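Heads up, the next two complexes both have chain A, just with different partners, chain B and then chain C.
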Partner chain A sequence: MFEFKPILSTLWHHKASALLIALQLALTLVIVSNTLLIITDRMEKMARPSGMDIENILTVNFLAIPQDYDMAGAVRADLDMLRALPGVVDATHSHQIPLSGSGSANAFQTQPNQETGGEVANYYRTDPHFIESLGLALVTGRNFTETEMQVLAPNEQRQAPVIIVTRQLADKLFPGEDALGKPLYNGDSPMEIIGIVERHLGAWPEWSKAGNVVFFPALRTTQSMNYLVRTESGERDALFKLLADKLAERDSERVIEVNTLSNHMARSYAVDNMMVKVLSTVGAMLGFIVALGIVGLTSFWINQRTKQIGVRRALGATRTNISRYFLVENSLIAATGIALGAAAALIANQYLVRDYSQPVLTLLPLGICALVILLVSLGAALAPALRAANISPATATRSV
Partner chain B sequence: MLKMHNIRKSFRTDTIETHALRDFSLEVKEGEFVSVTGPSGSGKTTFLNIAGLLEPSTDGQYLLDGEDVSNLNDRQRSHLRNEKIGFIFQGFNLIPDLNLFDNIDVPLRYRGFNAKERRKRIEKVLEQVGLSARARHLPAQLSGGQQQRIAIARALAGEPRFLLADEPTGNLDSLMARQVMELLEFVNEWGTTIVMVTHDPDLARRAQRNIQIVDGQVCDLRPVTEQSDAVSA
Partner chain C sequence: MIIYYISLALRSLRSTPILSALMVAAIAVGVGAAMTVLTLNYMMSRNALQHKDNVLYAVQLDSWDPNKANDTANEIPWQLTYQDAQALLRSDIPTRQVAMHRFGFTVEREDSHLRPFVASARVTSRDFFALFDVPFLYGGTWDSAADQAHTQVVVLPKATNDRVFAGENSMGKSITLNGEPFTVVGVIDHWNPAPKVYDLTNSPFADAESLFVPFGLHRQFEIDTWGNDSGWDSGSKSEGYEGFLQSESVWIQYWVELRDGEQKQQYETFLTAYIQGEKAQGRFQRPLKFALSRPSEWLRLNKVLRNDNRVLGWVSLAFLLVCVINGVALLLAKFLRKAPEAGVRRALGASRSALFIQHLIESAAIGVIGGIAGIVVALVGIRTSRHLAMGWIDTVASMDWLMMLAAIGLALFASLLAGFYPAWRISHTNPAIYLKTQ
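Here is the complex of A and B:
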């Protein structure tokens, strides 16, 4: 038996403080539900598959010191050496490092000399070892061959006749069609799609078009070069130092920097990670403050009503009756706050969606947040409510 | 109705142990109206609290309505208080945020009566204490005497066998005190056993029997008429 009516009339006499707590709960629900949404959105983004064997790839960047450096020769020699190292699965050169935040992009069209339209995509100049060196999955078509490789001078603009693209890009440019064998353009000469890889997240995971990637079989002989070296599972860290030493030993006229692909990825997700941490902390702190407020108010009300509680006990209330009274009272306040908060959260979300392109708040996460807030509220009221049950019935006759 | 044998009650606060009641034995018969007098601090309220199951005794035996209630647990004591005992306090102890109707409703809800039964009983007792017209008023809108009559109505609504009053007229002027006393006498005539603590010798004398508590013990059991000199001395 819940004493809704008398509790409501009592609350009516303390409507200001009850409403204050309800509003605090409402505001918390607005903030926490929208925060949770942003957090899950970020976490989903970070959990996206990259398409690459992230954990087992070492990256090498070097800058050649001599002005007349034989880059093509160095690359050949370096890669031959790297591929021969025990523990190395494969190695490739690439003009940019994936997930590193630096990359190149261009528009690719389905028709020659198209001025507009098409899709913007990251592109990489690499060699036939890139699929194996990144652990990509070729879903259809074939890999590049060594004879398709083009060696370009530093400023030479020459289109590759064959390319490999990601499935995402293929589906965007040729929706509902088989893209294999179709040409792409960036000007007038066709680049035939000879293979499609399942997935590659490209240079910028944050980018709205992340996953649009094109690979060219080419090597441009600038002063700087990158290698991507895939090791056998678990061998990466052991090879880290060896790789740097071997490369320096083979040719010391360059500045070499070895890193891991996981590091590059972590750096590009640093902002998301930070966001998740900051928002979770803010949400937890908010919950804590609200809980403190409820503990405070409930304790205050119970102290104010010590005599009344004694009288109720004298009139036959059991301990359970007393605790339940305060928990029901708390739930009524919380329910009011949650109802107000749910409405406000949905309204606030509309602005976030419209002005900050945040995800849409659906009823499930809102319901989960509401439930959590209700439980926090009840949990906070529990200790004072149990203490209230210990007030002696003799308080009715003893205190003045 | 009530039978106490060698009841002892002591309070322990930090270092001092106060014996509020010791070797306290008393019997109150069904339908009696007993007044309790005695000096301040002699243990009158303590006796009433134990009789009304508000506090357990430290030692001794207490039979209420033939049932040994000395060792009941808190829940059983709460139910007994609710069903068999009505309380009237010196300070009225109405709940300020509830109107008179809801105040009388409090013990009836704990009893588990349905809404219809509760309404019937509340209307009946409101009529008995002559305050039907004020049912929706808040306690603060009533005079002291009226508040005490509501408190009596609240005590009576559950139709208790046993009514306990601790200085029910202590906060009232003599006219209002007389009205409250008349109400209690009326209730007693209808069969409710009443034990009333009072400082007022005139009111004490109106009871069928007077008990004097001195220093935590029943001092004397004499008919009220012979005792009046002793009280004023």
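Here is the complex of A and C:
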């Protein structure tokens, strides 16, 4: 009932055009399936929970001007002032800004003076207010106390006796055990895990070990310092300017820069975001261009076969028969293209995985893309095919 | 004759305005997308030190953890320890050599209304400017003594000089860095290599630093790095800042200029002897390994052109290919519709090659118009990419004349490729068929 034989013989007659459409669809499948894979991979990466109250945190960085700056005193006075500001939930100092792409890391082991093994983790020097200031969730154990705070000289290497770690790091170092109360080492002196936070992505979201984080209760009195200030929901932008003014007013012997945590995060993910945007634009344009080609070519074929269609209608073919003819024809072309494209997509993916470390293409996303492309192709052929059905049988009796 | 063909082509394009516009749009979008990506990749793959590629070498020494190789491409740390940099500086084999790293200062000017600001700085030995061919507007580099002992002098780039001294010759004037007075000894002209081949450890497309200060200032200002600093050995021989300087942390970038193979060989012998000497002291416990990389090799080794950029390059070329195939299909339809006209022209004596050329010119017209529109698309694309990248690619997100010409060339090539088969088909139709039904 699908008139395969006449369709195939007509297609053979138009083999060049039919092949061109099939090739376009094949290439489109290769591109779309592989880019969709990259897009979803990047979107998942960007959607990872950071563990923080991202939208309500302001970051302050300042560089002190005098060489003999009293950093410990400045931090105390600044934080007292910031915490007292209306709209501020809490504020802490930190030697690095989360998600900023700049920070420190070290290897941590479960045994003293262990030379190999252990886990590399991002570490923070901060104070007992960091949990509240970042909006982290302490799942077990306790927070630091003020008496545990160590004030270190710029290059002092003294280690903290107590630390807080992320659950990810605790699980990696002590698989299947309760890490609370256990010591970690980086050299010979033990650092006791007194608390575990649910999650924190750390300074580098790009890093393969992002989420391995250690917090030290320490303040190193270097020339430069950061504050992390959490505001009440919706108050962030109003406090942005005020914060800079208040800090400069309290002490002008420094250069201050205020930013938002969401801005740091956007900058860290800029490349991924760009890949997602560029690849989805290319995918959408591809669909459009291929659809255009199909509309153009199907219209052309129908134009060429106006007389033939008229004859068929005169001989008793229904409108549905005529439309169906062109849709089946289009499906045959699309199926050929998709079969070719699926094979090519899998081959192209092997190269992308091997040479450019991109994710592996599985059959499900490939199938979904194939289906979408088939629908686009049929959708593009639909309008001309319906128009063909409107050709009057009378055309058969007229000459050109 | 060609003029006549062009007028025929334009008339033919005007006769099917929608189809022609669609074909032009397809070429424009295809070429625009391809040129956006290719321009960025081309700009990112440039080598600002190409003219000195056979005399400059980045130096790497494998001073890393005896238990574990470093995770760089050649398993040697990108940077050197401070103590090794100081030792290498004592060699007189290289024509020029530079030990350096990134840092930052607060900047003020006494008795001026300038608001204090933070400026990135390069702490470097004096050969930096000559080695990397940095042009001076005023003055020059500092004395070699400044690289050993504490001397508060500074070289300003033009942009900083404009900001602090309103562009005047600031030689001998004082500028306050981290609250301390520094004397300006030189001002360099605009110089901003992209990628920043001399230091790829920070963002390779960042701007060059805003201040240049001597390598002898470390102890006075307890200078650490505004860049990557990695260590593996937590134990240190001494306390405090001195302990940091004498540690196994790698944070100094090192370049040498060696004018020929002989000098390079001498330097390699020197490095081998140096590492062996250090091995005898208990350092450098890994197998003896060092590397001297030319700028072009250095860019490749550091993967300045990321995998993502390469993937985008392939995707955009595949996209252009789809546009070309689409063009073939549409041109075929368009030309075959005009087959009767072609039949008449053949019957009236036009040769096959005349018809072929006429139709190819019609495709070329689509290509040229598409190419010009493609440049506009690419300019918008590059601008958007620059915006999306949030400052990561500012120094490379622009299109030069070469790439604009390339865009038109690519469009022309794509449309001729697309027009070739349809033009051949139409020039080989049998005129008799069309004459019959007329």
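One rule holds for everything that comes next: the second predicted complex is superposed on the first by the 398 of 400 C-alpha atoms of A that agree within 3 Å, B and C clash if a C-alpha of one lies under 4 Å from a C-alpha of the other, contacts with A are read in each partner's own complex, and residues count from 1 in each chain.
Keep this in mind: a residue touches a chain if its C-beta (ideal position, glycine included) is under 8 Å from a C-beta of that chain, and two chains touch if they have at least 3 such contacts.
Computed from a predicted structure; not experimentally measured.
Contacts of A:Ala203 after superposition on the shared chain: neither chain B nor chain C is touched. When the two structures are aligned on the shared chain, A:Glu156 is found in touch with chain C, with no touch to chain B. Looking at the superposed arrangement, the partner reaching more residues of chain A, out of chain B and chain C, is C. Judged by the touch definition given at the top, the superposed model places A:Ala394 against chain B, while chain C stays out of reach.
With both structures placed on the common chain, the touch criterion links A:Glu3 to chain B but leaves chain C unconnected.
In the superposed model, A:Ile289 makes contact with chain C only, not with chain B. Contact with chain C, but none with chain B, is seen for A:Val30 once the two complexes are overlaid on the shared chain. On chain A, the surface touched by chain B in one complex and the surface touched by chain C in the other have residues 400 in common. Those residues of chain A that touch chain B in the complex are listed here as 1, 3, 5-6, 9-10, 12-14, 307-308, 311-321, 392-394, 396-398, 400.
Partner chain A is touched in their complex by these residues of chain B: 45, 48-49, 52-55, 74-75, 78-79, 81-83, 87, 89, 91, 93, 95-99, 102, 105-107, 109-112, 154, 158, 166. Contact residues on chain A toward chain C in their complex (touch as defined above): 16-17, 20-21, 23-24, 27-28, 30-31, 34-35, 38, 63-67, 106-107, 115-116, 153-157, 186-187, 222-223, 254-255, 257, 266-267, 270-271, 273-275, 277-279, 282, 285-286, 289-290, 292-293, 296-297, 299-300, 303-304, 352, 355-358, 399-400. In the complex of the two chains, the chain C residues touching chain A come out as 19, 22, 26, 29-30, 33, 37, 67-68, 104, 106, 108, 116-118, 178-180, 221-222, 224, 232, 234-236, 239-241, 243-244, 306-308, 310-312, 315-316, 318-319, 321-323, 325-326, 328-330, 332-333, 336-337, 385, 388-392, 421, 425, 437.
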